[in-house]
Amino acid sequence: MGMIGGGRGAFIGGVHRMAAALDGQIELVCGAFSSNPEKSKLSGQDFYLDPSRIYGSYEEMILAEKELSEDQRMDFVSIVTPNHMHYAPAKMAIEHGFHVVCDKPLCYDMEQAYDLQKVVQESGLIFALTHNYTGYPMVKEAKAMISDGKLGKIRKVVVEYPQGWLSTFLEGSDQKQAAWRTDPKRSGIAGAMGDIGTHAENLVEYITGLKITELCADISTLVEGRALDDDGNVLLRFDNGARGILYASQISAGEENNLKIRVYGEYGGLEWLQMKPNTLMVRWADKPAQMMRAGVGEQAASTQAHMRIPAGHPEGYLEAFANIYRNVAKCIQARIEGIEVDPIYTDFPTVEDGVRGMNFIYKVIESGKSDQKWITL
Amino acid sequence: MGMIGGGRGAFIGGVHRMAAALDGQIELVCGAFSSNPEKSKLSGQDFYLDPSRIYGSYEEMILAEKELSEDQRMDFVSIVTPNHMHYAPAKMAIEHGFHVVCDKPLCYDMEQAYDLQKVVQESGLIFALTHNYTGYPMVKEAKAMISDGKLGKIRKVVVEYPQGWLSTFLEGSDQKQAAWRTDPKRSGIAGAMGDIGTHAENLVEYITGLKITELCADISTLVEGRALDDDGNVLLRFDNGARGILYASQISAGEENNLKIRVYGEYGGLEWLQMKPNTLMVRWADKPAQMMRAGVGEQAASTQAHMRIPAGHPEGYLEAFANIYRNVAKCIQARIEGIEVDPIYTDFPTVEDGVRGMNFIYKVIESGKSDQKWITL
Amino acid sequence: MGMIGGGRGAFIGGVHRMAAALDGQIELVCGAFSSNPEKSKLSGQDFYLDPSRIYGSYEEMILAEKELSEDQRMDFVSIVTPNHMHYAPAKMAIEHGFHVVCDKPLCYDMEQAYDLQKVVQESGLIFALTHNYTGYPMVKEAKAMISDGKLGKIRKVVVEYPQGWLSTFLEGSDQKQAAWRTDPKRSGIAGAMGDIGTHAENLVEYITGLKITELCADISTLVEGRALDDDGNVLLRFDNGARGILYASQISAGEENNLKIRVYGEYGGLEWLQMKPNTLMVRWADKPAQMMRAGVGEQAASTQAHMRIPAGHPEGYLEAFANIYRNVAKCIQARIEGIEVDPIYTDFPTVEDGVRGMNFIYKVIESGKSDQKWITL
Amino acid sequence: MGMIGGGRGAFIGGVHRMAAALDGQIELVCGAFSSNPEKSKLSGQDFYLDPSRIYGSYEEMILAEKELSEDQRMDFVSIVTPNHMHYAPAKMAIEHGFHVVCDKPLCYDMEQAYDLQKVVQESGLIFALTHNYTGYPMVKEAKAMISDGKLGKIRKVVVEYPQGWLSTFLEGSDQKQAAWRTDPKRSGIAGAMGDIGTHAENLVEYITGLKITELCADISTLVEGRALDDDGNVLLRFDNGARGILYASQISAGEENNLKIRVYGEYGGLEWLQMKPNTLMVRWADKPAQMMRAGVGEQAASTQAHMRIPAGHPEGYLEAFANIYRNVAKCIQARIEGIEVDPIYTDFPTVEDGVRGMNFIYKVIESGKSDQKWITL
């Protein structure tokens, strides 16, 4: 794996490195960790890299690695830069034959999104988008329960993602994360809706198997001086007639990272909280609720395949993130060996999910500015 | 106290009787428990009433009690009939000089609501509406914290009220509660929004002290054949600029009676769940969250005044309901004795809250049918 | 009902009055609320009693009420005095033909206990001891599950009762509850073990249907200057070979009233917390855990018979306490009418439970002072 | 790092490998993964090792690695074999100058324990014992709170470790974990008390800073045919006069891995659950309880140093385990570089903790067989 971005002082780069390292299947062999070559060099040393493979730019890295023999060069790139810096390196990597793992959202705007989709589709290469919350075992279990019809027809969905870290004008300080995530030049047209609203959108469609068809949004900037939205409340309608609510907020003071989803069908409802990820509550209309715990009792094959340790030994955010990397590694390995891969391992978000997420961002921002009640997605 | 409605087979009548009895301040002395005189008689016997004070109709009761001496006759009536049967007995009771405790929503339609408001205001009598959830001690504490400014300016509110008991076409069976609550002739223009949506609306305005100014609703009937709404999702805007979500549902299969409210201000957020009523979670932007428990540590005078037993001895729904009756009793007693009553005890929902609730019902149903995004409340 | 004790300033008297009043089946008609006749008088006025039936002593009350006609006089007495004042009024009431409801523990010492048992047994009258925690619906459900064999043979039990209110030398202030409960002259030989340890002992035997046969205790006084124990840890062995732990503490600073029981059998374990009384967690060895909620799904007849309102409307401490009074009222009513009473309603703690509790107190205190490992109960 | 044990089919070996890999500071360079050389070879291939460094025995590995140049050879060994196979490889590794990370308990018997302690002390090398639960951030916070005196003098401690996985005679099947852990020849004199009781003992002394001075145990084998204990209840006394309870069980059917500790001091109590590891509840005698969450508000430097990602992104068992490896790596790195290491990173369990744990096992088993009430530790 070669990494683009994620040098000293970054947040998500370290997450990607830990996620990639956890299972001993992926080795970080090179990187262009910063647009500042000196900083890239220092970061690469932190990771014990061969100095010759610490690059000053992603272009340099892609071209140099391409020159190495197949068994020497990196198998894929991991892109962990801010949103406006996803498109160019992703496209170049794909065009030079490298698989890609890319942080979310897919890119900066719709034009980039559609172009990237086209490039990836034509290449036939692997492109994984790290909507990491779909990597949790009990999210797999929830998805399996619903697709097996255990809840009956889905009628109502509530997905919420409150955070509180932008309750103050943090971008006015030198906090690097706040600075770029609230900056339209780097983040794109949306703030909270792009940063975490898309996670909620991706999760709800992943778990339910439904598609959002219409939405009606109230998008706000509640902290004075902020350039992008920091709170959004959205009514949803789904392709099967189900109704729903999605909200994302970064000014819900006191909230940590409280992604939560509830899905109600004819026979019962389920509830999953990211902050208690190993539990899936299932409440039935006419029998006792079940507190399903990862690893307890019979569970879906996909659930089991995304756990590493027995029940009661909590697995968390990094493990779920690592599941995406592990699956990508399995798929790349299978291609190298020319074998089929179990469909359990092809289950990670792709460029199509990325385009859908970008489209959601655009529609939700459009709705926030519109007097029209329903916007078609 | 004289009761109107609440005979054998009813639900909420028994709740009112227990709530009234709990503190030993109120005695049930008479009743017209059913429009069927025979059934009224049998019900009255269940409550050990003097046979001469078990009446065949509310008109009979009001007229007969009026004839009794002041120290003999009932002090107030408690109206626990279905919605369409609130207005007439309430008006007649008021017009004959009796205070009234009335179940919610206030009445059947807006016309009745405005007329009842006028009659009550002119009479100067006490009219209490049993939005019982405001009677919980930790709801009082939440209200006090916000009005004391501890959370700073309120920015975001989420109130939700999912139930699952109408997940099937229960009104097709002989379930009495389902029958009238889904019947436009008895319930009014709304189903879930009238039955429980108004509780949510009342609670959110009570706790925050804010007023809803605009709303945008998606109102649905998700169980086939049902005559009224059974699910509604509503975007809210408040008079101070805060944004919010309100939803109420009776088809959220597996949910019991899961009223929950979250309020976020500049400095922190609070969360209260009706099903864990003695706890108030308060999360702060930059210090550890507090799990406030009824009776632990220093709390508002209004909180303490609505508790009966020490911390750790759970008080529930009936106790909260009883707080409304206890306060009404205190106010009536004070009038009888010609003394001032501590403002803590005048804190119960009134006819004005009832009119506001009816207005909410009308606007939310109107919004549900409209293509206009925002409706002014 | 006539009450002995429970005048102004008392704690448990008010609880008994509310519990008795809740269901509208029991009327407080007389009382000797204090050994101080003036205070008794004032207290009786608080409860709107006929002045002629507010007595200056329990002896006076029992004799005077005995003179009234059967349909006039009290049906039973409720004894809510400190421990050392249970025996004499209970015995006199029984000897004059009145049923008794008595607060726990049964009395002051073993001699009184055995004598009271004898008197009650000979009289054939009803004697209920308010080990109120057995009145909770989900405690009934737990008992039913175990007696139905759903957990298989019981192997392990953990019952704990931590409180924190005596973490300081509160008896040094004028706190009335602390004063008598830590005073050997009024409380008996035990402090925490008598006050709450007996509740734990009663609950564990009630739910499991097992008997404690041996115990080994470490009994401590951890607050300096205190005259009785404030913390006790006890190893238990049961008659079927199961092992267990019981602990009770009043110096567990920060704890409210955290009675909790866990019972493990061959197939699964259950867990009930007094502070979340409407939930019973059942964890199975090889299938998902069930979060059983009062009123959800099929439940034991005894569970249902001890609920008043539908699922999701929390019932608490007073309701559980009221279940004992309601059952006593049903039994007395049945005797008056000369009919059989459903065994569901005879399910309340009796003088035998009281003797067993006193015995437990004596043995646990003996063990605390002994070098011998196991003491037979 | 070179690994001893942990080949295909093992459990804890994989945990150690993931824990070591997570932070990118430690590389697995060699191993003797099984006493079966063929199996060792296959396992080593799974981890992409250089075939020349996959050894057929630990003796071969230690000798061969010793021959490599300092910058080539492994820096330390990780021992992940069953208990009876800890001592010999640990001693040999130390004697050949390799640091050691060893799974718990320390070894098979007391004789080995004392000898190993002597060898390690004389060598001056690093010896880390993976009592991994002390690696959790909120365990660090709990320890810091207590040592800072925030709870006042500690009076009462309850530590419990229920599991249910040995509720049946699992060792009668071919379950490898059950087989050796219930076998006196491989596990030592204790079953549950050695496997998890020692974790509880280690955790309680670590967090409180107190030493257990006396204990009184009831040790049982509740599943028929089992050769070692599967349940134990223990009364504890500490060196400062505090009282406590420790219990460990592997027959608590339905329990996963429910390690929990509560510590009560003069001013408040804290509670930590391994299955909700990012939360530390602190309840105060006279103010609202605090729900402390990893990363929220000001926390101890040691807490922060053992977190990798922001609040709300759950870290779990592997991350806590990885903290021990990360600290060991920091210490080894510091020795290589000849620099001082921050005391935060020397905070991991050592051979002394291991000897103390072995002593606890011996005393608790002795107490279980004794009629003497208190045994001195």
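Residue numbering begins at 1 within each chain, and the chains themselves are lettered A, B, C and D in the order written.
FYI, contacts are C-beta pairs under 8 Å (C-beta built on N, C-alpha and C of every residue); 3 or more make two chains touch, one makes a residue touch a chain.
Only a predicted model underlies this, so the values are computations on that prediction, with no experimental measurement involved.
**Student:** Farthest from subunit B by Cα centre, which chain is it? Let me know.
**Tutor:** Greatest centre separation from subunit B goes to chain D.
**Student:** Given that subunit C and subunit D are copies of one sequence and touch, is their interface built from the same residue numbers on both sides (over half shared) or different ones?
**Tutor:** same
**Student:** If you average the CA atoms of subunit A and of subunit D, how many Å lie between those two points?
**Tutor:** 34
**Student:** Measuring centre to centre with CA averages, how many angstrom lie between subunit C and subunit D?
**Tutor:** Distance between chain centres: 43 Å.
**Student:** Take the average of all CA coordinates in subunit B, do the same for subunit D, and state the distance between these two points in whole angstrom.
**Tutor:** Roughly 55 Å separates the two chain centres.
**Student:** Counting only residues that touch at least two other chains, what does the list for subunit C look like?
**Tutor:** Residues 255, 282, 284, 289, 293, 296.
**Student:** Where on subunit A is subunit C touching in the complex?
**Tutor:** 281-282, 284, 286-293, 296-298
**Student:** Can you tell me which positions in subunit D touch subunit A when the two form their complex?
**Tutor:** That would be residues 11, 14-15, 17-18, 21-24, 28, 47-48, 163, 165, 255-258, 274-278, 293, 295-296, 308-319 of subunit D.
**Student:** Under the definition above, what is the set of subunit A residues touching subunit B in their complex?
**Tutor:** Within the complex, subunit A touches subunit B at residues 151, 155-156, 158, 160, 162, 164, 167-168, 216, 218, 220, 222, 231, 233, 235, 237, 241, 243-245, 247, 249, 251-255, 262, 264-269, 282-285, 289, 370-374.
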